[in-house]
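This report concerns only the one structure given below.
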Amino acid sequence: MSIILVTNDDGIHAEGLQVLRRSLQPLGRIVVVAPDRDNSAVSHSLTMTRPLQVRRIGEDTYTVDGTPTDCVVLALGRILEGRPDLLVSGINAGPNLGDDISYSGTVSAAMEGTMYSVPSMAVSLAGEPPFDYTLAGELSRKMAAKILDTVLPHNTLINMNVPTGSKHQGIRITRQGRRLWENAIQETEDPWGRKRYWIGGGTPVKDSSEDTDVKAVHDGYVSVTPIQLDLTNHSGISHIRKNWSLE
Amino acid sequence: MSIILVTNDDGIHAEGLQVLRRSLQPLGRIVVVAPDRDNSAVSHSLTMTRPLQVRRIGEDTYTVDGTPTDCVVLALGRILEGRPDLLVSGINAGPNLGDDISYSGTVSAAMEGTMYSVPSMAVSLAGEPPFDYTLAGELSRKMAAKILDTVLPHNTLINMNVPTGSKHQGIRITRQGRRLWENAIQETEDPWGRKRYWIGGGTPVKDSSEDTDVKAVHDGYVSVTPIQLDLTNHSGISHIRKNWSLE
Amino acid sequence: MSIILVTNDDGIHAEGLQVLRRSLQPLGRIVVVAPDRDNSAVSHSLTMTRPLQVRRIGEDTYTVDGTPTDCVVLALGRILEGRPDLLVSGINAGPNLGDDISYSGTVSAAMEGTMYSVPSMAVSLAGEPPFDYTLAGELSRKMAAKILDTVLPHNTLINMNVPTGSKHQGIRITRQGRRLWENAIQETEDPWGRKRYWIGGGTPVKDSSEDTDVKAVHDGYVSVTPIQLDLTNHSGISHIRKNWSLE
Amino acid sequence: MSIILVTNDDGIHAEGLQVLRRSLQPLGRIVVVAPDRDNSAVSHSLTMTRPLQVRRIGEDTYTVDGTPTDCVVLALGRILEGRPDLLVSGINAGPNLGDDISYSGTVSAAMEGTMYSVPSMAVSLAGEPPFDYTLAGELSRKMAAKILDTVLPHNTLINMNVPTGSKHQGIRITRQGRRLWENAIQETEDPWGRKRYWIGGGTPVKDSSEDTDVKAVHDGYVSVTPIQLDLTNHSGISHIRKNWSLE
């Protein structure tokens, strides 16, 4: 029987996590290892300044007082007996598209799994509250079954963004687009009248290039992007070699 | 005169930050915006759960009660009048090589600058304490001058790792290698005898492939890697399109 | 119908809180406002560095991303329409005796209620895991009914410590004793071999003076201590006036 | 030579701490053990969820990544060889008067010292920014000398509040008054339009009773209050015994 590790960044009590667990149930034994509270936007953070506590709060269900990456590290290194057949992270309450995926705890958990050679997928609901996870749950199972049956490209994870609701226009295999934000710093005051800056809000400057994850979701499609661990700009290497005369 | 934004993840009081500021001084006006305390291994974390406080603690010197990424967002969006000509993040006390760069606050700050089209570089001292920043300071100035004089490949930052001490074997333009860790979870107990897990320590499984950052530093060279924002596995797109029949 | 505000410092998911809610149910309408996670040993901390979030997670059930004191301040200032007839904080998983009560979030929540003239009681289970809350639940209801029926001394709260299990030797009205700890700092190492100090553990130096809370619990009694807001050493005032010639 | 332990809750970089150190210098050897960042309003919090790091950052100067109480516990248990002759906590940037002292990290550090039988004093500047510490520094030395020369009442610390500036009306030995706040919750919104509550601001409802710390400072006097560890309402014990028929 397949063993599937499930984690997220919205924390153990998030609805998306419960939907994901139920959706994947028919595919094997599901082990949940998730942060004990909301960890949105923690990115690939690893907690190294303090020791972590693992709590078993139910059958095949654990919490960690840390980040999604901490959860994956401890699940693979301590909690699970062997390597799982699949890791699914999500379902995130909100999209993970374009440049934003580098901030994403959801995607980072899948990246961590990939580093340990566990086939990994991140699933996000590309909508706004109130969230309807119906479609995202179904597609998570479908994609998970596909990954279990086939093989992912080397050192590569799947980043899937699903429109909210029960309908979609189809599935598109996409590349990561740009997703910049305008006016994403709000000024506020503390009770003593001192200025404070709250990052968030603003409006995304949509990337309308063809083939991007941003565009696919905007057009009502499910976006499936293969994301790799290697961040090298390989053509940049030759460029720098030729023009910078450093070596 | 060039304006150079300097940040780091070890916090405003770190020696590496002071060395970097002094080293870059001849190149222009240096503005430091750094976390008010150590933020190692926070990765590309963005603080969105609370408003942030910016303190001006000296001429062209600011602290933020947040992460390196928070510092860059606030520097570019609020503190600086215009876009700086260069962003340099570091000098990190320890290497940022291979897979580890995805956890790195130092590299993430440079990634954030790149998202905003600011030419950006991360500098790390690839050694162990006691740290000697002499060489890293000199090379930071040399590389910064090079970037100011020329142009970086599109959406690409420089990740430089410098051996500690005053000598090196030369400079190598490298690709990101693998850097896995063995036994990187230490078990300890809290005062009440409950098991805790501390991530850290262990031994790196060195990547000895040619052309990697890991190998270059191991051989005593300065490693210079062009890192891109785009995480897409482009060849993976065709593979999935052809074999998975999803679309 | 009486309105009873219930809070604690072990967080919304703690068993002691659930027992307390059920036990008090027959006495009136119970409104729970508790921290969203464990806040043990936060003492009378008030969160003023960031704004707090109140979540309604069920009927008459709220969480705050802050301390027990934050919960009381927001319950009285925002969540409840009028002043409650009683505040009960607990049931804490462990004793709050002697000097230790000054660290206690459980007692501090009751202190905060007292400041706002709400009759308040802190309840702690003076035992060790596994905890049996049976007796503590029953006595909480009994004491709560007593406070609702009568009147507490001015600016005074009740600190009750109940032995674990289903039996006790009787109830004693006590004074706060001393409770010092020996060897309460444990040395440990982080994964990089650096020394760290973990406060906790050690052995309590029991206060065997008559009439103290420490002694009562040690002898198997329920301890009920009236605690006041006024921290002044009134006889100390005359002493200093006479001998220090400051005024 | 006397050994004087100095700590605070505004953190190692606070001006009030530097003034205090310089002011006390003539009286003996000063050892500073302070939090590495601002810890205002942490009250008597003790950090027991993670191990703490002590850094020696200069001669007789240490930081702890924790609270003022953590600093005192580690100073007395690990850093200092013997018991110091005096502990002075401050100079706090703002008053610690009336009920508010139960939230105060500054006063709690002095309370912790008193628990370990170290003569202890908390000093606060009862004014608003910009702070002038001149007078507070002088009076700290004067009071410290007095405490070193004489003896404090048993289990009792001194809470001193000094008006800002260079003049005062005299010194008054006071009792702790009431200090309630009106409108001390500010409503704000996060960037996504969700309501948040920020505790702080508001206006203090002054206690105009004779002999209180609140009144003394309001009238321009230095307030010196003896504060005791024992929180018991002793007359409340007889009241409850007589009227509640519990025992």
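Lettered A, B, C and D in written order, each chain numbered from 1.
Rule of thumb we're sticking to: a contact is a pair of C-beta atoms (placed from the backbone, for glycine too) under 8 Å apart; a residue touches a chain by one contact, two chains touch by 3 or more.
What you are looking at is a predicted structure, and each value in this text was computed from that prediction instead of being measured.
J.: Subunit B and subunit A are one sequence twice: same or different residues at the contact, by the over-half rule?
T.: Subunit A vs subunit B: same; shared/all numbers exceeds half.
J.: So the centre of each chain is just the mean of its C-alpha atoms; given that, what is the distance between subunit A and subunit D in Å?
T.: 46
J.: Express in whole angstrom the distance between the two chain centres, defined as the mean CA positions of subunit A and subunit B.
T.: Chain centroid spacing, subunit A to subunit B, equals 22 Å.
J.: Measuring centre to centre with CA averages, how many angstrom lie between subunit A and subunit C?
T.: Each chain's C-alpha centroid was found; their separation is 40 Å.
J.: Touching two or more other chains, which residues of subunit A qualify?
T.: Residues 48-51, 184, 186, 188, 190-191, 198-200 of subunit A each touch two or more of the other chains.
J.: Using the definition of touching given at the top, classify the network of chains in this structure as line, ring, star, complete or other.
T.: complete
J.: List the residues on subunit C that touch subunit A in their complex, please.
T.: Subunit C residues touching subunit A: 36-37, 48, 191.
J.: Quick one: in the complex, what on subunit B touches subunit C?
T.: Within the complex, subunit B touches subunit C at residues 49-51, 184, 186, 188-192, 198-202.
J.: If we count contacts the way the header does, which residues on subunit B are in touch with subunit A in the complex?
T.: 38, 40-54, 69-70, 73-74, 77-78, 99, 101-103, 108, 111, 115, 146, 150, 153, 156, 170-176, 180, 184-186, 188, 190, 194-200, 224-237, 239-241, 243-244, 246-247
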